[in-house]
Amino acid sequence: MSEASKGSQETVTFTLNDREITVPKGTTVMAAARQQDVYIPHFCWHPGLKIAGVCRFCLVKVDNRPKLEIACNLTATPGMKVSSVLPEVKEAHKWALEFHLVNHPLDCPICDQAGECKLQDYYMEVGKYKSEMDRPKVLKPKALEIGSELVLDTERCILCDRCVRFEEEVTKTGALGIFNRGDRAVIGTYPDKKIEHNYQDNLVDICPVGAFTSRDFRFKQRVWFLKEKPAVCPGCSTGCHVDVHAKPQVRTYFRLKPRESEVNGFWMCDKGRKTYKHMNQEQRLRFPLLTEASGVRRRSTVDEALAALAATMLKADKSEVALLVSAAYTCEEYAAFFEFFVRSLGVTNVYQWREPTEDREAFDGLLYRGDHNPNTRGLSEALKAVGLPGEVKDGFEALLRQAPKLVIALGPELAFQFPSLPAQLSRLEQLPFVSLWTIDGAAVSHVGLKHLLPMKGYAEKRGRFLNFAGKVGELADPFPAGSEDARDVVEVVAALSEILAHSL
Amino acid sequence: MSVFDGGLKAEIEGFLKRYETKRSAILPVLHAIQDVHGWIKPEHIEELHTVYGLDRVHVKEVITFYDIYKDKPVRRFQIRYCKNITCHMLGARPAIARIRAHIAALDAVQGEDGAFSLEEFPCLGKCDGAPVMLVNKERVEHATVDKIDQLLTKYAPTVLR
Amino acid sequence: MAQDKPRIILRTAGLANPRALKTYIEHAEGYTAIKKVLGGAMTREQLIEEVKASGLRGRGGAGFPTGLKWTFVPQSDTGPKYLICNNDESEPGTFKDREICTVNPHQVIEGMVLAAFAIRASKGYIYTRWEFQAEIGYLVEAIKEAYAAGFLGKNILGSGFDFDLDHYTGAGAYICGEETGLISSLEGKKGQPKVKPPFPAVSGYLGRPTIVNNTETLANVPWIVNHGAKEFRQYGTEKSPGSKLFSISGALVRPGVYEVPLGYPFERLIQEECGGYLPGRSLQALIPGGASAPLLTPEEVQGLTLDYEAMAARNTMLGSGAIMIIDDRQVLAELLKVTIEFFAHESCGQCTPCREGTGWLNNIMDGVLDGTAKPGNVELMRTVAKHMGGKTICALSDACAMPVTSYVQKFSGSLQAYLAQATAAGGHVK
Amino acid sequence: MAGVVKVALPPRDTNMFQMAYGYTSTILTGMMKTFGIFWVQITGKEKSATYEWPEQPATYSDRFKGKHFLTRRDDGQVRCTACFLCATACPAECIHIVAGQHPTNEIEKFPVRFEIDILRCVFCGFCEEACPVDAIRLGPEYAMSGLAGDKWIYTKDYLADRGELHGGITSVKVENEKHFTTDHNPHGDALIATDAPHMRHH
């Protein structure tokens, strides 16, 4: 994959911009520069893809060589002296940019890429010149619906070939090609064939310009309004490292982008990209709901809700209490939860809440796994920690058979990964008292659920997920919760124990 | 039921076996199809994709990349007139104009199914016979403007009357 | 001193039925060279040494020493290797290889067997452009004959050396004349040149070691084997020995292909071989090496000899020996437009400077012809060309940049004049 | 009281009449001025600077930055491409845009909603400057008073064709030019030209 891995143990030392660099043998100058955070401008080179060497932007000067050479296909040799900052190199970069812009429509005002566009970045970096091009430009098709998640603008395309290589090398679908030649060349699929796979939005990420834009994010927001924080995708047990892009002042999440890591490389799947929607106002449970003895259901404050729950808990014997736990919460939350309910209150009826239709072993060979919970591993380890069986099995039916007086349920975070959720919720309605802790707003429609607590989303809390391989995914830098009333399990448990401590 | 008839089918399968990789056969296969059908139809590409495992994107790329392949219907006589340096110097431009005029006149009468189509071609590699044109696969040398009329008549005697 | 007009390549020219195997064998020492080599009179190393010693340089345009090229093939590598005859000859103005196919195809085949033997290639291809329909027929026929006579195939002449030769037809793309572009095309892909390194001699056709030689180059080899490097060196100049086919076209009495030793005086070629200019015409400019060569003014043509050095001295190139006479009746602006349009049409679209640059130049030339361009644009073309040069995977970008630079440099006046005229006339002058 | 120095001097002159004269003279001078002007005006010798607005209208220069309006394309569509640059430039954050994909492909992006919270607006005119397509301008309308309960959020429709605009104002930008091919803006002058169609043309 990356050039570095191609190299053997022996190393090569060369000079880049008067700086000694030692890299594994076989490393290209571009890859070496990237490791050293020396930035050489480029379009077509991508660490996750094969070398194309077509944008001719990453030109560098090698001592005693007549021509400038492209860094991406220049293997470092001992003692080689490379410069990416000489005036002649800068001049070459400027003209490389000019050539890229000759037929570019410059419709930045309506282009979603504006703000994170390499053409713009380089214009500020090596450009800031008055264009020499004063002839009519080549016009090409715009706003093509090329995939279920994608919109293609062939006019903006600079034919860097990244998307084509992605289709060939990563997804192996080979749906894209470059047709015609010369400046008539266009990217495209075979006539009326669309790109159909679960990794389309990666094309948007790797496209250095605005040729590919995401249909989901299209026109929603300008990127310079967005704030991004690192998180871990809760969509499946792979736990891709992601950046969540949101506009906190309006409490709205807009998109997810993959963050490079050994877990997911440079990519993530389209399903995962949808895992921000449930945290937005219109979809989430924004406040507690509780049903009074009179049967009237009303909105309440968190304190009221907790007090009510505590009261019910006091009335119930621990044998009549059951915990229904889905695998969408952090290790820290499980620890606190079980510590409190199992260790100190002695509740022993613990059931796992899983999607009955899921095929946990399924795997698409790239990233997406059949286990649609981020922390299955963490849950079973937390269970083992409190001396309960850790193996993963859907305990939902068993719970209904036991029909306990009080059920405390940690609901799944992603309703769209839980097709059976509505059915399951309606069945929970038959139980005497269910306290459902969830972020899913749809729960409101199930009036039989006596007690609803709004939870925080994964981007709004600290903690760790253990992915299928036991690799830790850190939620370190949370956004403020989308609604004031939202809590995470740790906070709820702390408050409950507080109340109980007083009332005992 | 294949869209290729027996002879062509055999030829295609021959090419697929002939080279080191299937993909190498794309150009010869397309030539073969075009020699029979005049142009490469979508159903041909589909067949190559589904039956013979030549990726349709690869095939389409090749068709659009090379000048010779046509993915639109063609006329009975395709004229490829060289407009490169030498031919230009020795009178390609007026000759091309002449042919255009004829085709326009013919189209006026016969509509889209006229006998001739004209393609200004980059280079035919016969500068010593300049100006040169290809009519289908036949090379016509010294095709200067004064000869155009009789040349065209030679191919389609009726249409020019 | 040997006779000053050797017959090294077009040896069967003028004979009845020149293409036939019989003619070749009877009149041109046909297939004696492979008998000599495969018979064991020469080892691979000796063969390569002989070719090196002959100083034979690639006739395709670059003029790279052929023997040296052969040595680049890693001999340790035991897997399949390929030899490709570049018969695409797409450089405008060139038609010498077509002549070889018409007159003496067997010599190419014999040359290929020798080259294949030298580099241990087991499979060869002749890649011919589609436009040469008739010539393709000749080649295929010749290959058949050679197979029948046992000069190709398994265990050639009982030497235990196998070499299969196949013909491959292009589909109309200039860029397939570039060796890696040709290889891509042979692999059934778009004829887009491959980024180097790795070079074809190490990783070419299907990632295997591959040598691509021009038709004329290969046709030289049998003669060199038969007559030896020393005799070969008697022809031509010190640095560029041997004879060369020149394709001469333009307003001449007898345009065509002529085989003369390198270093042959240009004026003599025009007067003796070509019978001089058409009546009433004189030289306005000269394109010495195909459309991509910088053109020469009549002054520069004075005392011009046809060899690599003399051309280099005039900052132009011999290229594939395609000489185009631009007579005084021609409008240079139009010719420049034709040239640029050609390259813009043929650019494979891979590298940005070439894709956009050729298009941009073409765009400006449109403006010059219809008078919408600004006076400054003529000089701008030179700047654009400057930044197109030496930046891309293959040489097409330079091939477009070089003539543009020379036109603007040497004939800026006439271009500016044309533009002014066109602007005044508000459209095409003619 | 060490270190304290007495600096006040006794009144030089304690003559009450002289002091009083000082005061009275000043007052009288002032009064005379007032009565002077009063007299001049009441006898109509000189015109008053103030006049009776709104009966007598007050006009400002075209470049006065008053109430916003959105220009239109030749085909009557709102010119705005919803690029958010005005919203970005706005220091008061009073511009709210919701962009959408236009049914026709000639116009790719357009504002589904375009709202200005006029109570927050500081009339800096940055939106006008930021706009790449001459879609928003600040007109010479200055009278924006209203009663409690009036709409203080100007909607797209209001901004594009309220009564005062007499059916809307066409942008000076030529339609088929979606972008400039050079950094030099061929309409640079036109965009700020005072003869650009403003309300006074209607």
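Here the chain labels run A, B, C and D in written order, and each chain numbers its own residues starting at 1.
We take it that contacts are C-beta pairs under 8 Å (C-beta built on N, C-alpha and C of every residue); 3 or more make two chains touch, one makes a residue touch a chain.
From a predicted model like this one, the values you see are computed outputs, not experimental measurements.
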item: Target chain D, source chain C, minimum contact steps; value: 2
item: Farthest-lying chain, centroid of Cα atoms versus that of chain D; value: C
item: Comparison of A-C and B-C (more C-beta pairs in contact); value: B-C
item: Computed distance of Cα centres, chain C from chain B, in Å; value: 25
item: Chain B and chain D, separation of their C-alpha mean positions in angstrom; value: 68
item: Chain A-chain C separation of Cα centroids, rounded to whole Å; value: 55
item: Gap in Å, rounded to a whole number, between the CA centres of chain B and chain A; value: 51
item: Junction residues of chain A - those touching two or more other chains; value: 133-136, 178, 180-181
item: Numbers and ranges of chain C residues touching at least 2 other chains; value: 173, 190, 345-346, 348
item: Residues of chain B engaged with two or more neighbouring chains; value: 58, 61, 65
item: Overall pattern in which the protein chains touch one another (line/ring/star/complete/other); value: other
item: Interchain contacts, given as pairs of chains that touch; value: A-B, A-C, A-D, B-C
item: Interface residues, chain A side, partner chain D - complex; value: 105-110, 114, 129-131, 133-137, 142-143, 218-220, 222, 224-225
item: Sites on chain A touched by chain B in the complex; value: 174-181, 189-191, 193
item: Chain C residues touching chain B - in the complex, by the definition given at the top; value: 89-90, 92-95, 98, 123, 129-134, 166, 168-174, 185-191, 205-206, 247-251, 255-257, 287, 291, 322, 324, 326-327, 330, 334-335, 338-339, 342, 345-346, 348
item: Chain B residues within the chain C interface of the complex; value: 18-28, 30-31, 58, 61-62, 65-69, 83-86, 88-90, 122-128, 130, 134, 137-139
item: Residues of chain C touching chain A in the complex; value: 173, 190, 195, 197, 344-353, 355-360, 363-364, 366-367, 373-374, 377, 380, 383-384, 387, 390-393
